[in-house]
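Chain lettering (A, B, C, D and E) follows the sequence in which the chains are written, and residue indices restart at 1 in each chain.
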Amino acid sequence: MFQLGPAEWQAIEVTFKLCLYTTIILLLLATPLSWWLAQGRTQFRTVVQAIVALPLVLPPTVLGFYLLITLGPRGVVGQTLQDLGFQHLAFSFEGILIASVIYSMPFAVQPLTEAFRNLGRRPVEVASSLGAGAWDRFRTVIFPLSRGGFVVAATLTFAHTLGEFGVILMLGGSIPGETKVLSVLIYDHAEAMNYDAAHSLSLMLLIFAFATLFVVYSINRRFEVAKL
Amino acid sequence: MFQLGPAEWQAIEVTFKLCLYTTIILLLLATPLSWWLAQGRTQFRTVVQAIVALPLVLPPTVLGFYLLITLGPRGVVGQTLQDLGFQHLAFSFEGILIASVIYSMPFAVQPLTEAFRNLGRRPVEVASSLGAGAWDRFRTVIFPLSRGGFVVAATLTFAHTLGEFGVILMLGGSIPGETKVLSVLIYDHAEAMNYDAAHSLSLMLLIFAFATLFVVYSINRRFEVAKL
Amino acid sequence: MTLYLQGHLRHGKDFELKVNHELPLEGVTALFGRSGCGKTTLLRIIAGLERPRGAVVRFGGQHWQRGRQFLPLHKRRIGLVFQEHSLLPHLSARENLLYGYQRTPTEQRRLHPDEVTAMLGIEHLLDRRIDQLSGGQRQRFSLGRALLISPQLLLLDEPMAALDTQTKREIMPFLSRMAAESGVPIIMVSHSPDEVTRLADRVVFMQNGQIQNVETLREALARPDSPLFDDAGAASVLEGTLGEAGEDNARPFGPPEARLWLTSSAPAAGMDRTRISILARDVSLSLVDPQHISIQNHLPVTIERIDPPRDNRCVVACRTADGQLLLAEITARAVQQLGLATGKQVYALIKSVALLA
Amino acid sequence: MTLYLQGHLRHGKDFELKVNHELPLEGVTALFGRSGCGKTTLLRIIAGLERPRGAVVRFGGQHWQRGRQFLPLHKRRIGLVFQEHSLLPHLSARENLLYGYQRTPTEQRRLHPDEVTAMLGIEHLLDRRIDQLSGGQRQRFSLGRALLISPQLLLLDEPMAALDTQTKREIMPFLSRMAAESGVPIIMVSHSPDEVTRLADRVVFMQNGQIQNVETLREALARPDSPLFDDAGAASVLEGTLGEAGEDNARPFGPPEARLWLTSSAPAAGMDRTRISILARDVSLSLVDPQHISIQNHLPVTIERIDPPRDNRCVVACRTADGQLLLAEITARAVQQLGLATGKQVYALIKSVALLA
Amino acid sequence: GELVRIAAASDLRYALDDIIELYREANPAANVQVVYGSSGKMTTQIINGAPYDIFFSADIAFPKRLEQEGLTATPPAVYAIGRIVLWSNTLDAGSLTLNDLTSDSITRIAIAQPAHAPYGLRAREAMQAAGVWEVVQPKLVFGENIAHAAQMAASGAAQVGVIALSLAKFPELATHNHYLIDDNLHNPLTQGYVVTRRGGNKPEAMHFADFMATEQAHSIMEQYGFVMP
C-alpha cells in the first residue's frame, strides 16, 4: 500500500486550507450579495446575477490564464501591487485563493439567492414584531430558515474547490507547500504513471469527502424545518 | 480581429450539443432522484445524497482518467460494450457526454433536492383535491413552484459543462468535430501563444453566456411566485 | 347516502383518533368540537390525505379505502377547503379558481365560474396575484375553487372563519341550496353556532379524537346543555307552511291552531314546508293570554317537561296545538311564581321578530 | 393615550387607504368592516410594516413615523398577531412562544410563560413541532407569543377566528383584564359581533379603505342599523349597581324605580357600576303591567322616539325611570295595534335571562 | 542550500528525475524541486511571473522567446536532441512503421497537441513526410503534453502513441517494444534550456545547470535515448 510522504501531507494541508478559506470567504461575500439579489428583480439585479454566474462558463484553464495575466507581474493588479511594494499574486497561495473564490462564486451565490427568495417576508416581519433587530433576525430566523441553501452553497463550494485543477495549474504552477494542491498532485502522479499513488490518494479523497458530506447532510437533516 | 475558422465552428457545435444534451439528460435523471431524496431523511437517502455529490470532489482530470480507464477498451464498461459488438466509449462524443452527466450531476441534484424540500405537501394536496393526477400535479404545480430550483440546476449544469476541461481533455482526446470542445480549443490557442484567437473566443463565450443567462433570469423573473 | 368510517390513527403520543361510524350524509353535516379534538384529522382521513392502516372509508356504495384498496384523492371528486390558506402561489386568483374546473369533465360541471364569483363577490379580484388579496378574499377563492369542481362531497374546514357576517350571509344560502338541490353532501367544520344553526341538518360532536354523538340539528338545539351554544341556549325548530303576506306584511306560519306571524327576511313563499328556529330564551310563558303587549305571537301550549334549573334558569318543553315541541327558557323564580308544572296549559309568547327564517 | 394616524396608501389600482384620525386607545378598540376594506393594511401601517410616504403615525407622545423619522417595528414593542398562521417553522412551539419573551428586558416583563400557557390551554403542547399542532392550537401560540413580549400596544388580526367558543371564553376575559389593568391598549380586528360586544370599548368602522366612524361600544350597539349586527339587531347598554343575590338567587340591578333582576353568570358583586347590555329584540312593550307571565322584568318607561320601520320592524327608544335609554325592537304591526307614540308611558318587558353580563 | 525550482518539459519526466536524484546524492544540502508540463504552458507561466529558476524546454524556440522578453540570465543552450517513437500497449510496435498507421485495424493514435507541444509538432511533421497524414489525421487523439499522450496509449484507449523516446524508455513503458521514427522525417527536436532572470541570482541554480553538462548527467540522458549535442 502507498504511504503518504511529505509531498502528500503538504498537498493535503494546502488543499484543506484553500477549501476552508474559500468556503468561509465565499459565504461571507455571497450572503449579502445573494440577499440583495433576492430582494427584487430589477433589470440591474438580473445583470449582476448573470455576471456572477460567468466564472462558471469559462474553462478553468482559461480563467486561470486570464487571472495569471491579471495577477502576474505584468497584469493590472499584479503590477499595481508591486508598485505599492507588495508581491504580485501569481504563483502564490493568496493568488489561488482569490482564483478559487472567483471560480466558485456561482456555487455559493445561486443556491443562497434561491433560498433567500423562498423565504418570503413573513418570518422577518414576525421576528421584527417580536423585538429582533436586523442581525438578530438574520441569525435566528433568516439563517436557520435558509440553512438548506447554506448547506448546498457550502458543500458545492468546498467540493468544487477541492476538485479545482485547471485554474490552479495555470495560476499556481504547482509549487509544493504553496500552490500544489491534491488535485494537481494526483494528476501529476497519474501522468507520471505512478498509479499506486494516484489511486490511493483518489480513494482517500473520496472517502474523506464522502464522510464529510455524510456528516454534513446528517446534521442538516436533524434541523429540518417544519413544512405545512 | 480574429475570424472564426472551421475549427472554431466545429468546436462551437460540439460544445453546444454537449451542453444541451447534458442539461436535458441531467434534468431528466435528477428530477426523480431529487424528488426521492427530498421525500425523507433516512440514513439511506443521506448516503445516496453524499454519493451523488462525490463527482464534485475528484479533480476533473482524475475523474477523466478513471473514466478513461473504465470506458476504454480495457475497462469494465468499454470491454462489455465491445463484447456486445459496440464501440468502447473512450475518445467519443458519447463518452464525454456520459462523463459530463456524471461530472455535473451534483449541480443538478442539489438545487433540485433543495427546491423540492421547500415545497411542503400542501400544494400537492391542493392539486389532488382539485382532480389533478400525478403527472398533472408535477407539470402544473411541482414544476412551476420549484422553477427557481430548475433554473439554478439548468444554468449551473449548462455552464459547468461549458467550462468543463479536465475531464474532456483526459477522456476526449480533443478530436475535432467529435470531442474537441471550446474550452480545450481556447486552451490550445492560449498555450500556443495564439492570444488573439484565445481572447476572441473567450470574449465570445462570455458574451454568449452572459446573454443566455440574462435571458433565462429575465424570463424566470417574470414567473415569480407570490410569497406571503 | 352514508359515509362509513372506521379506523384509528395516532399523532405523536398524545393524540389518538378512533372512529367507527356510519354517518348519514344528506344535506349539511356540521363537525363541532373544541380546538385540537381531531376535526381536521377526520376530514383528512375522509379525503385520503391521511391513510391509516386498516381503515375503511366508504362513500355511498363506493369503497374509497379498504385493505389494500385505496382511491387517491384526485379521483374522489371531493371539494376540499383547507383550514389554512392554500391558494397555489404561482397561479393568479383566476387560475386558482379555475384549476379544478378545467379538470372537471364538461358533463359533470354543475356550477360555473360566473355564478360562483358573483355569489362570492370576487369578480373584480380575478386578475390579482394571490398576495394581492386580503385574508377573507383568499378564503372566498378557496371556497369557490372547491365548489367549481362540482364535487360529489364537500369537505369544508372552517370555510368562513375570516369572513364578515354580511358576506357569510350571502354565501350560506348558496351552500344550503347546493346541499339541498344538487344533493351534494357537505361536511363542514365550524366553531360558529350561528353558522351551524343556519346551515346544518346534522351535527357531529367530536371530543378527544372520538365522535361523541351524531344528532339532527333539531335534537342538538333542543339539548339545553348542547355544546353548540354559548349564551343563546337551547332552541327549537318548528316546521310548517308559510303563507302569503297580508296587508301589514305579516305572514302566517303553521296551522290556525298554532299560528305564528313572521315578518322580516322570510324565505320566498310557495315553499311547502318551512323550518324556523326559535331560541328558547325568546319564548316566555304566561298563565293568561296577555293583551296590550307588543309580543305578537301567543300560542296555547301544554307543558310537557320542566328541566331542573341550571344557573337559575329552567328549560320548559311545551307541546304546541299542532303537536310540535317548543322550548322556553325562563328563570327558576318564574317557574315558582307562576306555579308551572307538567301538564299545565299556558300561553307561549314568542316575539315574532325573534323568528329565524 | 391616543394613536394619531395620517397617510394614504394605494394597493394596485383598485384599493386606496386614506386615514387622518386620532384614535383614543384606552382599553380595547375593535376594527370592524367587511372583507377587503383595509383592516389588515391599517394594522400594518400602525406596525410600520407598510411605510407609506408622508404618513404620520404617533403613539401617545412618540412619533413612530413622521417624514424621514421612522422607528422600525422591533423597537415599537407591538404585540402583533397576524391574520394568517405565522409561527416560525424552524422553531418548536416553545421556542416560538419564548422568542419575543427572551428579547424583552426583564424589567419590562409583565407576563410570564406559565400564566400565558395556562390561560391559553397549551401547556401540554410546548414540545411539539409546529406542524404537529392543530389550526386553533397554532393560533393560540401566536397570541401567546405576542402577549409575552409585554407589549405597549397589541394589534390582533382576527386572533380567535379558529377557536371554539369555549376557548374564546377563556381567553377574552384575560385580554379584557390586560387592557384594563395593565393599560395595554388593544386594537383587534374581529368579524364576530359576540367578540366585539364582549371585549371592545370602542369600535372603528372601516369601509373601502376609510375609517367611517369611531364610536364607543354603547353608541355602536344603540344604532339599529349598526353593521355590528347580524340578526341580533340593536342593543342598549345600561349602567347600574348590582346587588347581592336574594334567596331565589336573583340579584337586583339598578335603582328601585328601574329595578331589573339578574340571575345567571352575573359578575362578582361589590363592583360599583356594572354594565349590562340588552338586545332590543329581547325587549317587548306592553300598555299594562302584565301579570302571570314568566317575564320577570317589567320597567315603566316613556317612549322617546319610534324609528321608521325597516323590514317591518321598528326600534322604539324608551327612557327608563332612572333616565337611561332602553331600546325595544317590535313589529310595525304591534306599534299600530298598541297605538304607540312618542311620550306614551308603557311597560318594557325584559326577559331577565336575556341580560348579558 | 537555497531552493531551486525547475520547470521541465514532460518528455524529461523520468530522465530528469534520475538526474536530480544523482545531484542530490552528490550535493546532500541541495534543495531542488521540479515541475513538469508542456513547454508552451511553462513559457506562459514564466512570462507571467512563475518562480522558476531553470527552464528545460522540449524546443529551444520557447527559451528564445523568454530571452526576447528579457527574462533570462543565460543564453538559451541546447542540452539534448529528442527523438520520437511509435509505442503501443496492445500491438508489437517494434514491427510497426509509420505506414502501418493507415491500417483499418488501428483506430486511435495518440500524439501531443502540435499547437503547443513540440513533440506533437514533430510527430505531425513525420507523418506528413511519410505521406500518411491525410489518412491518419481522423484517427488522432491529442494529449495536452507528451506525457499525457503517452498515458493515452498506455491506457490502451489509443492503440498507438507517437511519444518521446525518453518516455518509451521508462521501465513501465519499456516492457513494450517501440519503433524509432527516422529523424529525417522531421525537424530536429532541439531541446534548449535557460536559467531565468530570477535563477541568475542564485548560485545554486547555476550550479545545477552546470551539473546538466556533466558526464554523469549526460549518461543518464543517453540512457533515455537523448542524443547529446
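Heads up, the rule we're going with is that a residue touches a chain if its C-beta (ideal position, glycine included) is under 8 Å from a C-beta of that chain, and two chains touch if they have at least 3 such contacts.
Since this is a predicted model, take the numbers as computed values, not measurements.
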| item | value |
| --- | --- |
| Chains in simultaneous contact with subunit A and subunit E | B |
| Touching both subunit B and subunit D (chains) | A, C |
| Subunit C to subunit E, fewest steps along touching chains | 2 |
| Label of the chain whose CA centroid is most distant from the centroid of subunit A | C |
| Between subunit A and subunit C, centroid-to-centroid distance (C-alpha), Å | 61 |
| Subunit B and subunit C: spacing of chain centres that average the CA atoms, whole Å | 57 |
| Intercentroid distance (Cα basis), subunit B paired with subunit A, Å | 19 |
| Numbers and ranges of subunit B residues touching at least 2 other chains | 65, 122, 187, 190, 227-228 |
| For subunit C, residues that touch 2 or more chains besides their own | 84-85 |
| Junction residues of subunit E - those touching two or more other chains | 41, 44, 148, 151 |
| Complete list of chain pairs which touch one another | A-B, A-D, A-E, B-C, B-E, C-D |
| Subunit D residues within the subunit A interface of the complex | 47, 49, 72-74, 77-80, 82, 85-86, 88-90, 99-100, 103-104, 129-131, 145-146, 149 |
| Sites on subunit A touched by subunit E in the complex | 65, 68-69, 72-75, 78, 88, 90-91, 169-170, 173-176, 188, 190-193 |
| Subunit E to subunit B touching residues, read off their complex | 38, 40-41, 43-44, 65, 108, 110, 113, 115-116, 140-144, 148, 151-152, 155-158 |
| List of subunit B residues in touch with subunit C within their complex | 122-123, 125-133, 136-137, 140-141, 144-145, 147, 223, 225-228 |
| Complex contact set, residues of subunit E against subunit A | 5, 7, 10, 13-14, 33, 35-37, 41, 44-45, 47-52, 147-148, 150-151, 154, 170, 172-173 |
